[in-house]
Amino acid sequence: MPKMVVDGRIVSNTEISVNVKELVLYAPEIAAQAVPGQFLHVRVANSYHPLLRRPLSISSADNIAGTVRTIYRVVGQGTACLAALSSKDSVNCMGPLGNGFAIHGQRPLLVGGGMGLAPLMFLAGALCPRPIEIVMGGRTKEEMFWKDMFHVMCNTIHVTTDDGTLGSRGVTLDVLPDLLKNGAFDMIYTCGPRVMMEGIVKLAKEYDIPCQVSLEDYMACGIGGCLSCTCAGNDGSRKKVCTEGPVFWAQEVMP
Amino acid sequence: MPKMVVDGRIVSNTEISVNVKELVLYAPEIAAQAVPGQFLHVRVANSYHPLLRRPLSISSADNIAGTVRTIYRVVGQGTACLAALSSKDSVNCMGPLGNGFAIHGQRPLLVGGGMGLAPLMFLAGALCPRPIEIVMGGRTKEEMFWKDMFHVMCNTIHVTTDDGTLGSRGVTLDVLPDLLKNGAFDMIYTCGPRVMMEGIVKLAKEYDIPCQVSLEDYMACGIGGCLSCTCAGNDGSRKKVCTEGPVFWAQEVMP
Amino acid sequence: MSVEDGKSNQQEMLSVTIAGIKMKTPVMTASGTFGFGLEYKDFVDLNKIGAVVVKGTTLLPRSGNKGRRIAETPAGMLNSIGLENPGVDEFLATILPRLGEYDVPIIVNISGNTVEEYGELAARLNVAGVAGVELNISCPNVKEGGIAFGTNCASASSVVRQVKNNTNLPVIVKLSPNVTDIVAMAQAVEEAGADAISLINTLLGMSIDIHKWRPVLGNVVGGLSGPAVKPIAVRMVWQVAQAVQVPIIGMGGIVTAEDAIEFMLAGASAVAVGTANFINPCAVQSVADGIKDYVRQSGLSHVKELVGKVNI
Amino acid sequence: MSVEDGKSNQQEMLSVTIAGIKMKTPVMTASGTFGFGLEYKDFVDLNKIGAVVVKGTTLLPRSGNKGRRIAETPAGMLNSIGLENPGVDEFLATILPRLGEYDVPIIVNISGNTVEEYGELAARLNVAGVAGVELNISCPNVKEGGIAFGTNCASASSVVRQVKNNTNLPVIVKLSPNVTDIVAMAQAVEEAGADAISLINTLLGMSIDIHKWRPVLGNVVGGLSGPAVKPIAVRMVWQVAQAVQVPIIGMGGIVTAEDAIEFMLAGASAVAVGTANFINPCAVQSVADGIKDYVRQSGLSHVKELVGKVNI
């Protein structure tokens, strides 16, 4: 599957929560190819400052409309540049990059924390009509706009917030033991903060459920050329998050 | 007269000829102070690239509306950034900078070449209702949009174009000897390419008419702090174009 | 606590003493980018800034380099002003008295062609109203056959020694970044008696006009400054801070308070704002204000608690 | 003239031979920014570019530096990859054969801890399919007590001599810009037998996270590249071009054809695109296309008519 670089016309770039925006790009070549777990590498400004592209997960792709969607949090200079663009602009994108999730298993459990839910959304769409159970965590109610977005695709949604303003107070990890004890999951997919994923991988091992993790790292090229994103593989080799990931089997890269 | 730095709201930024735009800024503090010959030092983008400000002459100031106007040619990165702005944006400006023209003389002759006509426009307004004669030169007809702009303020307009598409074919210098022979000018004001101004100064000397020239130079600070813009004065001293100019008496700085 | 007390505490929060020079804030102006200070008085309250470091001054007046003197580069600029200045006597006679109206330390940046010239300059500037001298040792050295003082430990030392013998004022030595081993240079000048070290001067660069096939600058090469050089400057400050005891004045691409804090964490006791004065004429003040906010928000009681605190 | 002829003329216009290596265009890839070339094959026709300079290769595999490896800076970036690579044997066994499918010169960038290691690397790479070696002499040298080979004329010379004794391939020497006197370094490696000189490697820099009070990079310091460094690189190319006979490969911040032309006018016979590959994955090709347009529009018949033509 060839990677591409295209100027995607912005269909919309709307705020969906505090400091979170949803960007829809018309990029039919990418939309036609993208699979869940892959990402775009976005030139947020035609400028030397910011200089580098920004990796953003594909949250869905509409092959008929020719659009791809990303959901991003405005955290720094690059995402602020992106947030300033509007529907008359276009934005240069490389994609679809990286390896996606393996769509195995009949009883998937998805666990996402914060913006880690972005790639899981595309995944949930692809897993339909399998019965999907998802655990989503965030700091506070405002971060859980995800709930409505996953609603149609998932059978059961468990929400945790750090402050208890929505769902149960605590973190995703807190609700997991009970779920795993009672459920009959045959695949766990997870994306979120490193510590969260490490905890989940430990539990998955305990319950002997195969687990796929989606990693993040600082990236320059996005296509395996610079080695800025490599992580230690359990086989002693280095793994490039951009091309060998961002989705890995837990046993490849997690302790 | 204190210098200021303000965020000027863009009232309009319209194309008035090929690659030439007219920018009207709401900047009442500057509008109230500005005199002909002074300039703005404009931060064309809130970016490090381009890094430096761009000096642009004030082409008019409306004290009642609180606006200042500049007319600029898009020649490189900085002016291209400026050209991309629209009326919802604002632009950070230092001004009014530099020394203006001395409004002496009852029979002024103005000679401007190309974008050198920009500061002369503000001057013409200030010289009214004195009878003003102006010689304006440019490469071709399209560059002579100035004619209509000066029309109401000037008694007589002489136009020269390099290709003869408007007015007489040639350069401003060609029509000057006749004008000086017949006219009774008591002041010459000139702004334009260096060679043009040198020729005019030579003629002014010949006819013993006082002459003011407006110089251009590459500027970093615009306020006398960096010495990037200094030129050799005839008294052996260095003159800062940004603060001691841009308007000089010819005998101060010209051969 | 009254409002007055609050205010004065806030001011105390930023005050520093560098090489015996008391400053209200750790934010100075970088030589050559702020004229003699007076040029900026409409934009900055000179009574409120750390120190004014004036334009490089020489024994005799200099008219500087011919032709175009600045060029813009990505996130930076090249300059080849060539030390245009009215000479030290004119400075003392007409400029210094006008600066006397302001309550701000005046530091004079000096450049000589020979070791003796540096000494002579320092001697003449050993007067009331001058708070210190900053030796610019990156200019061509005639006696040594064109090798800059700033790239040779031995000649840098002799300049410093000569100056120290000729003045009671604090002596700040400004190092050139165009060297293999900035630490060796810093140690050499410290050893020779420098009271503080300024880091960094400009990096030697060049731009070519591809339409004219000519250098953009009249002087062919020039000094690179601005945000582009910041990572190099921060690195040098950090390296030197490990190796010397004297305070470091950090500079090179500081535009915002965040930039200044980076230098302080790396080991700078004070900072100077250069090229940023051209972008924002109020930069010296806004950098200081931003540092104050940061210090307060970080729950610190004084800016000096930042110095050298980068955790390796 | 048929369309075919026109095409071939246009291609001839750009062909250059550097140190005996025939290239279709003067635009190469900079080591470490283009993987082994294969990573870019969806974006660039490898058969049409000047040369692929592969990632820095060492005798044994290396896993590179820990922690964060890149940081963005104004118009530039810092990297501290730390020479992660699979080792020369793996390169020869599995990567080089795949590169053999393409009609493009492969230049292998090598790094050793000792003079002997450089020699050994060169010997192992003296095989068909490798067009030349590029010596990266800016990495820490264990034997010499941490001083980089690239900052000392004598050790640079001995590396070059050792490599020349161990290979028949053209030897390109890549110099570090972190030196006081780049000309002396260039002359030393030319004298020792270098067939071409690459200029410049990255400048040592540092960024600090002001919220965490920690260096941004896991390795504390890193190499600065990108548009920010271009003026320094152009200056060094120009200085070295006055002083050596061997061809220079210019690099440092080249993003556009205009940038590349600036380097060629300064004296580079070829150029390499580095950081720009991250911004525009087609950069190598678009720079070459832009040079071709420029050459044609300038009424020149060959790109080499630009080399060193800056008019001082």
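For clarity, chains are labelled A, B, C and D in written order, and residue numbers in each chain start from 1.
Quick note on the criterion: contacts are C-beta pairs under 8 Å (C-beta built on N, C-alpha and C of every residue); 3 or more make two chains touch, one makes a residue touch a chain.
Fair warning: this is a prediction, and the values are worked out from it, not measured in the lab.
Taking each chain's centre as the mean of its C-alpha atoms, the one that lies farthest from the centre of chain D is B. In this structure, the chain pairs B-C and A-C differ in their number of contacting C-beta pairs, and the larger number is found at B-C. Put simply, the C-alpha centre of chain B and that of chain C have 36 angstrom between them.
Look at where the CA atoms of chain B average out and do the same for chain D: the two points lie 47 Å apart.
Work out the mean CA point of chain A and of chain B, and you get 56 Å between them. Residues of chain D in contact with two or more other chains: 74-76, 226-228.
Contact with two or more other chains is made by residues 48-49 of chain A. Chain contact topology: the protein chains form a complete graph, every chain touching every other one. Interface of chain B with chain A (complex): residues 47-49.
Of all residues in chain C, only 74-75, 227 touch chain A in the complex they form. Across the complex, chain C meets chain B through its residues 32-35, 39-40, 42-43, 55, 63-64, 68-72, 74-77, 79, 81, 84, 226-228, 255, 275, 277-282. Note for the complex: chain C touches chain D at residues 73-76, 78, 151, 178-181, 203-208, 210, 212-215, 220-221, 224, 226-232, 234-235, 238, 253, 258, 261-262, 265-266, 294, 309-312.
The touching residues of chain A, when paired with chain D in their complex, are 2-5, 43, 48-53, 94, 218-230, 232, 238, 243.
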